[in-house]
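Report on the structure given below.
Read from first to last, the chains carry the letters A, B, C and D; within each, the first residue is number 1.
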Amino acid sequence: MEKMVAERVQVEARARIADRFTQVRRRTLALCEPLSAEDMMVQSCPEASPAKWHLAHTAWFFESFVLREFLSGYRLFNPDFSWLFNSYYESFSDFPEKRLRSSFSRPALDEVLRYREHVDAGIERLLESDPDPEALKRIELGANHEEQHQELLLTDILSAFFTNPLRPTYREQGNEAVRGREGRDQGTKGLRNQGNRAVAIEFQDYEGGLREVGHVGNGFCFDNELPRHRVWLEPYALAHRLVTCGEYAAFVADGGYRRGDLWLSAGWDAVKSHGWRAPLYWTEEDGANENGNWTIFTLRGPRRLEEIADVPVSQVSFYEADAYARWAGYRLPTEFEWEAAAEGRLIEGNLLDSELLAPCRVTDLNPNQDGAKHCYGDCWQWTSSAYLGYPGFRPLEGALGEYNGKFMSGQMVLRGGSCVTPQAHIRSSYRNFFPAETRWQFSGIRLARVTC
Amino acid sequence: MEKMVAERVQVEARARIADRFTQVRRRTLALCEPLSAEDMMVQSCPEASPAKWHLAHTAWFFESFVLREFLSGYRLFNPDFSWLFNSYYESFSDFPEKRLRSSFSRPALDEVLRYREHVDAGIERLLESDPDPEALKRIELGANHEEQHQELLLTDILSAFFTNPLRPTYREQGNEAVRGREGRDQGTKGLRNQGNRAVAIEFQDYEGGLREVGHVGNGFCFDNELPRHRVWLEPYALAHRLVTCGEYAAFVADGGYRRGDLWLSAGWDAVKSHGWRAPLYWTEEDGANENGNWTIFTLRGPRRLEEIADVPVSQVSFYEADAYARWAGYRLPTEFEWEAAAEGRLIEGNLLDSELLAPCRVTDLNPNQDGAKHCYGDCWQWTSSAYLGYPGFRPLEGALGEYNGKFMSGQMVLRGGSCVTPQAHIRSSYRNFFPAETRWQFSGIRLARVTC
Amino acid sequence: MEKMVAERVQVEARARIADRFTQVRRRTLALCEPLSAEDMMVQSCPEASPAKWHLAHTAWFFESFVLREFLSGYRLFNPDFSWLFNSYYESFSDFPEKRLRSSFSRPALDEVLRYREHVDAGIERLLESDPDPEALKRIELGANHEEQHQELLLTDILSAFFTNPLRPTYREQGNEAVRGREGRDQGTKGLRNQGNRAVAIEFQDYEGGLREVGHVGNGFCFDNELPRHRVWLEPYALAHRLVTCGEYAAFVADGGYRRGDLWLSAGWDAVKSHGWRAPLYWTEEDGANENGNWTIFTLRGPRRLEEIADVPVSQVSFYEADAYARWAGYRLPTEFEWEAAAEGRLIEGNLLDSELLAPCRVTDLNPNQDGAKHCYGDCWQWTSSAYLGYPGFRPLEGALGEYNGKFMSGQMVLRGGSCVTPQAHIRSSYRNFFPAETRWQFSGIRLARVTC
Amino acid sequence: MEKMVAERVQVEARARIADRFTQVRRRTLALCEPLSAEDMMVQSCPEASPAKWHLAHTAWFFESFVLREFLSGYRLFNPDFSWLFNSYYESFSDFPEKRLRSSFSRPALDEVLRYREHVDAGIERLLESDPDPEALKRIELGANHEEQHQELLLTDILSAFFTNPLRPTYREQGNEAVRGREGRDQGTKGLRNQGNRAVAIEFQDYEGGLREVGHVGNGFCFDNELPRHRVWLEPYALAHRLVTCGEYAAFVADGGYRRGDLWLSAGWDAVKSHGWRAPLYWTEEDGANENGNWTIFTLRGPRRLEEIADVPVSQVSFYEADAYARWAGYRLPTEFEWEAAAEGRLIEGNLLDSELLAPCRVTDLNPNQDGAKHCYGDCWQWTSSAYLGYPGFRPLEGALGEYNGKFMSGQMVLRGGSCVTPQAHIRSSYRNFFPAETRWQFSGIRLARVTC
């Protein structure tokens, strides 16, 4: 009887995971539809990878951590791919330097697509058998892994198209799917020019106290979300929406990038050594002064600042987020303040599923709702927390232990997902992380302050 | 009556601070005794400064933050020194790039010594008047500031003498003052060869729970030690002594620097890009294999590894400390685990006052004592905590606000003081901080582990 | 009458140039046949450009310097291309940084091919009219320019395929056209393994004296080959063939890359900082010692050193050529010694027209011939002459003046053409030039010595 | 009889060389008189060395190449100095990286001075014996070597004092020795403000033809001046004086540093990457525009441009000299044009012996003289010739062969000596050489043009 229950659970898990696998794999390909094989070769900055590499590496992940171990009789699609598309798993195999990925003209895109089909067929075969529960876990991990690369693929393509002096557009406005969900039917309205009418920022108070943070429940999570543990929080308040381009432009116009006293020391060094004057994709017309004339490059093409003044600012580094907060008289939240506020809320917002592919105007906040709507989506939110292991953190066994743990040094935590994060991927305990100088992500600013 | 009490308190404070000022200033000069004017010109690495610069900058601190504001009629010794010896206070004045300090052949050492005398006379005059309580606070801050530079002066001279191909010795063995305090009467015994007889590492358990951390009481502390606040700690255990050179040599011999799986990703990058093979001042005879033949350069001259195998390893980066701990099956403590264990203990150990100027052998631990003796001194202890502001952290007002706050990014906390930290300077809430790659400090390893 | 002669000359020139234009343009496309659009995206080192960029830039050259000025009513294919595909002509327009060329996924290859067709049609239209003689000169210049890029396209693809960890092959052996010309009918014999049977190097004496150098006659030449002028040469001797891979391997095995005394100071710095141990595309099997086991990567795929020991060594820097010569007891020739020896000889040798695409074995030297056969082809020959302007040198007028003149600093002259240089392109007065560290070219070594 | 003659020659040579040795050694110390031991520690740029190092290295040269080999019973002053003060002679011994020289606080200056005395005593003892003729040659080489370091010592101190934010002065105006030689009795007049009254530049024609260049006669020369050999020169003309600061300022004001078309490609890269806007020691007051307000730092302290407008411009790179010449409608001379014009002229001019220590005003040219007076001195004159070996060049035997030969790559020749070159050191065949980017030398501009 118990065994039957266990079997039914396993059957259901298998069905659910098979479904998830299929959808994730399909979406990855859909994201590549606007791209040519040539587009998928570009690696425009050291952080980025070519889109073709993302296609291949996500297949490699399933092949290396699922099929090799769990599908008996599995034939490697191409033994060279085992090391060629390894990203950074030292204990799995050697791998090429990251910068070489732009030289992978071979294998051709066609061959990479066949690689994906070969792997898909393998996973399907495995799912049709009675797979080891560990295999199922690995497939689920692989689906989540691929969703991370979906997001990276889009951020990398934005960088690639910004780097191309012709500045091509990934997707024109207006052809995104318009979904029926309330608040989502506005099409690209989020990107249209309706003047700067962002709702004023309000702060919502939280009590703090001894709270539990970290993942809870049976659902999927990464190893870095565990163990769930207690933290003590002083009372605090969080802004009910993100900082907008228009607000950020006021900081720029006020000499924000010329006043060392507003910045962390390492941030000020970054400003000076890189010559930062605005967020990453903001460009100025010749002869413009700092008061304006900014154009902002997006996956939907260039936008005038005036058009999107009430849209959350994106592509800022932690240093810029921190300096903005200091200038505005606030601070950034810790990751635990964020998580304690988000836990239990519905996961909705401008995520990848909205297909807007850019942050959308904050005027659309329903005044009858609390801040929940803007809890998730639009931009990852820099926190003031360094990315470290939780008390008692244990990485996964084997090479997969390198997935998250070895990066717990020199990076800051971001929370909440962005307009290119799949909705199924995000949750309140999810920890994204990047070095403080990183700017090519959809990363923005939520303000916090102490309450007393 | 109340006024009289307040006055007496003020008089006592003034006397205490005057005494502290005098002693600190005197010690700085004493530390320079073995050095020539030429020695005091050397800036051997980007982190370091010339000793003469330390002499001048510490005078500048009193002149700029005390005398200018609080001593009426004070005449600047040399107006150019106002900006010349500013280290990094953007809101105070411009300042020369740090790397230029090695070009300061003028002012000559003599002039810098006269600068110090001029400033000393000013502070004495101020103390003889009825100074503003804020002035007293600033003098106390200046004394603590100067103690930090005493430590830096010694670490920088060690680097300077290691860089000089002739490898001169700062102070020969045997001429340090031998104090009467128990356990300290062994002279340089700590550095003599008595075989590797380090006591085995034992772990002491701590309960954890909701603890208060941060400075408490009326004594001096830096702004970064405040506010005192609550943290939740899971139960943990700390090693009762630091890791020794001999133990670290076993890690080296086991291929510690060749196994990427032992390292954080950024640490492994550092190993490869810098070619690290051992701690900073370990050098190998030609033809030696990794199993040994190491010589370790110290302020007392070169030492064979065999001689000091039971002395705490020093001059390791956070990455090395972390990798060692992983190899050994443990982890590093958080800064709060450390502080909760240290709070309330006597401050004793091998600090600058012992004048050993190098870590000393752990065999000298008194078996009847608890781990307290090795709580402080020998080496700063890398923690797994990133250096961030405490909840509600507020930097000092004005330019002094740049003292600590702007460095709260990209650095790790170290605790406990070292063999070149003045005893009066250290305390359980004291937070030192350096980037994870830093190796030129007296920085070592205390292991920790979870208990259950 | 005179006018009629002039007209006939003009008509003949027009026909000759039209023919040359057509053939050059066609060959460029033929060279791309083995390449995919993805291959044509790769930019594998700072010196190289993507093949697609070469296709576009050579069209740009005709559009910018011929059609815009001389074809009335010419419509630019795409106004953006005017600056997008400018390489380095500051006085013509702005241009993108060279490293950005790898981001040019748009325009797509198809569009670039249409650009070429558009330009071809324009040139044909111009040639069918009665074009200005200057226009004809520019078309001829453009054809020569394109031939330089044919060579670069092949060197860049070799670099791209070497950089790709899979090491794809540009063209398999055996499918090159086998031409009927004597000495050329051996097919790929030059690359087949026949043991190391290179003919011994012989030195041929030259008298020297007052000689004229620089281009003479009515044929095409670049501005840097003029003015023809006198130089005094001491008696000298030149090797009758180039140094082979086998001979160079002996230098490597003799510790050539470990002995600083064999190298120019800047060369020795390059050896140490880049870790050079052999020519650019030589790789060693794991565990091999320096005595061998080298594999050499070519456009025909990898070759074992043993197979091609009697083939001229290629892809060496000037520093390596110079060090080899010193080790061998000789020196490199000056560019004028080379030119005086080559002037008047037939232009034949292993050039692009042989379609071998790699240096070929020197055993094929006809013992009845003098050294003439190996005067041209196989590898560019480093000379000991710095690339400087000739006495009275005048660059072309306008932006075309930047073609050669502004590079007359910090580079060395190479002579003689290589296995990827079109035969119609090379001549005795031709001056190629690269910085002394350059290794990605088909550059080799001809020895010289003083005679007395 | 013949033997007696030979003996007398040897005796005279010995006396002459002993005298020269004594004077050179004495002058080196005299140049250090204005310097403290701290000044002599500064190494302000990668090209420079500390003055103390120059003192020690020049002693090392005599010890290593004379005393070790030729003085029986010579005892090394300190065996460690054998490698410590080796500059770059790979075949002699290992040597420290150049950048480490700033860490040589030990040996102290006193010890270095004793080293010099020890070496002096050795050389005197050797000269009093009947030394091998090769020993005499080496002593003469050592004296010439030391004169090169006298010049470097002064250029390096100028750099050191410019780098020090306090900008100390090496020697105040007015205390230089005023010599009786005609045209030299103006004291520091050359540096006083008398308005811009530079004589207009005139060009002097030279016939060219087949000329001999290279050193001739029995006097001392370096290996790189040999063999004397023939070169063919086309007719040419040389300016009769150097370009002045005032003339150069006009180039600056005309946008010389903003117009890429005036520069060699590598020069333009240098302008952009280093942010060059004027010669090395020109600084601008805040808010000044390019039309002026320049201050020029010299060994005699800062000078306003107006004061020294008619003084030759100095501290320019080859790229700047070349760009200036192009802007002015001229070119730089080749080294052989210069030498053919200078050969046979008296060696006089503003050399180190004038003790002005800076270029002097060109108004002092005697109108009755030809250009000879300004043939030598003031500034080294960049030529358009790359520094290469002469036909049949043979470096000295042994380690001394590294003196000049290994630098024959990537550098340009300068001719004529400067205001810090000893008069006894310079001659018409003398070849100085530096990389084209070098700016810290007293290097200036003589214009040339073709004549027809």
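We take it that a contact is a pair of C-beta atoms (placed from the backbone, for glycine too) under 8 Å apart; a residue touches a chain by one contact, two chains touch by 3 or more.
For clarity, every value in this text was computed on a predicted model and none was experimentally measured.
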item	value
Shared interface partners, meaning chains that touch chain A and chain C	none
Centre-of-Cα separation between chain D and chain C, whole angstrom	40
Cα-centroid distance, chain B relative to chain C, in whole angstrom	60
Residues of chain D whose C-beta touches two or more other chains	none
Pairs of chains, among all present, that meet the touch criterion	A-B, A-C, B-D, C-D
Residue numbers on chain C that touch chain A, as the complex places them	36-44, 52, 80, 83-84, 96, 100, 102-109, 160, 163-166, 168
Residues on chain A engaged by chain B in the complex (per definition of touch)	88, 90-91, 210, 229-234, 260-261, 263-268, 318-319, 322, 334, 384-386, 388-389, 391-392, 402, 406-410, 436, 450
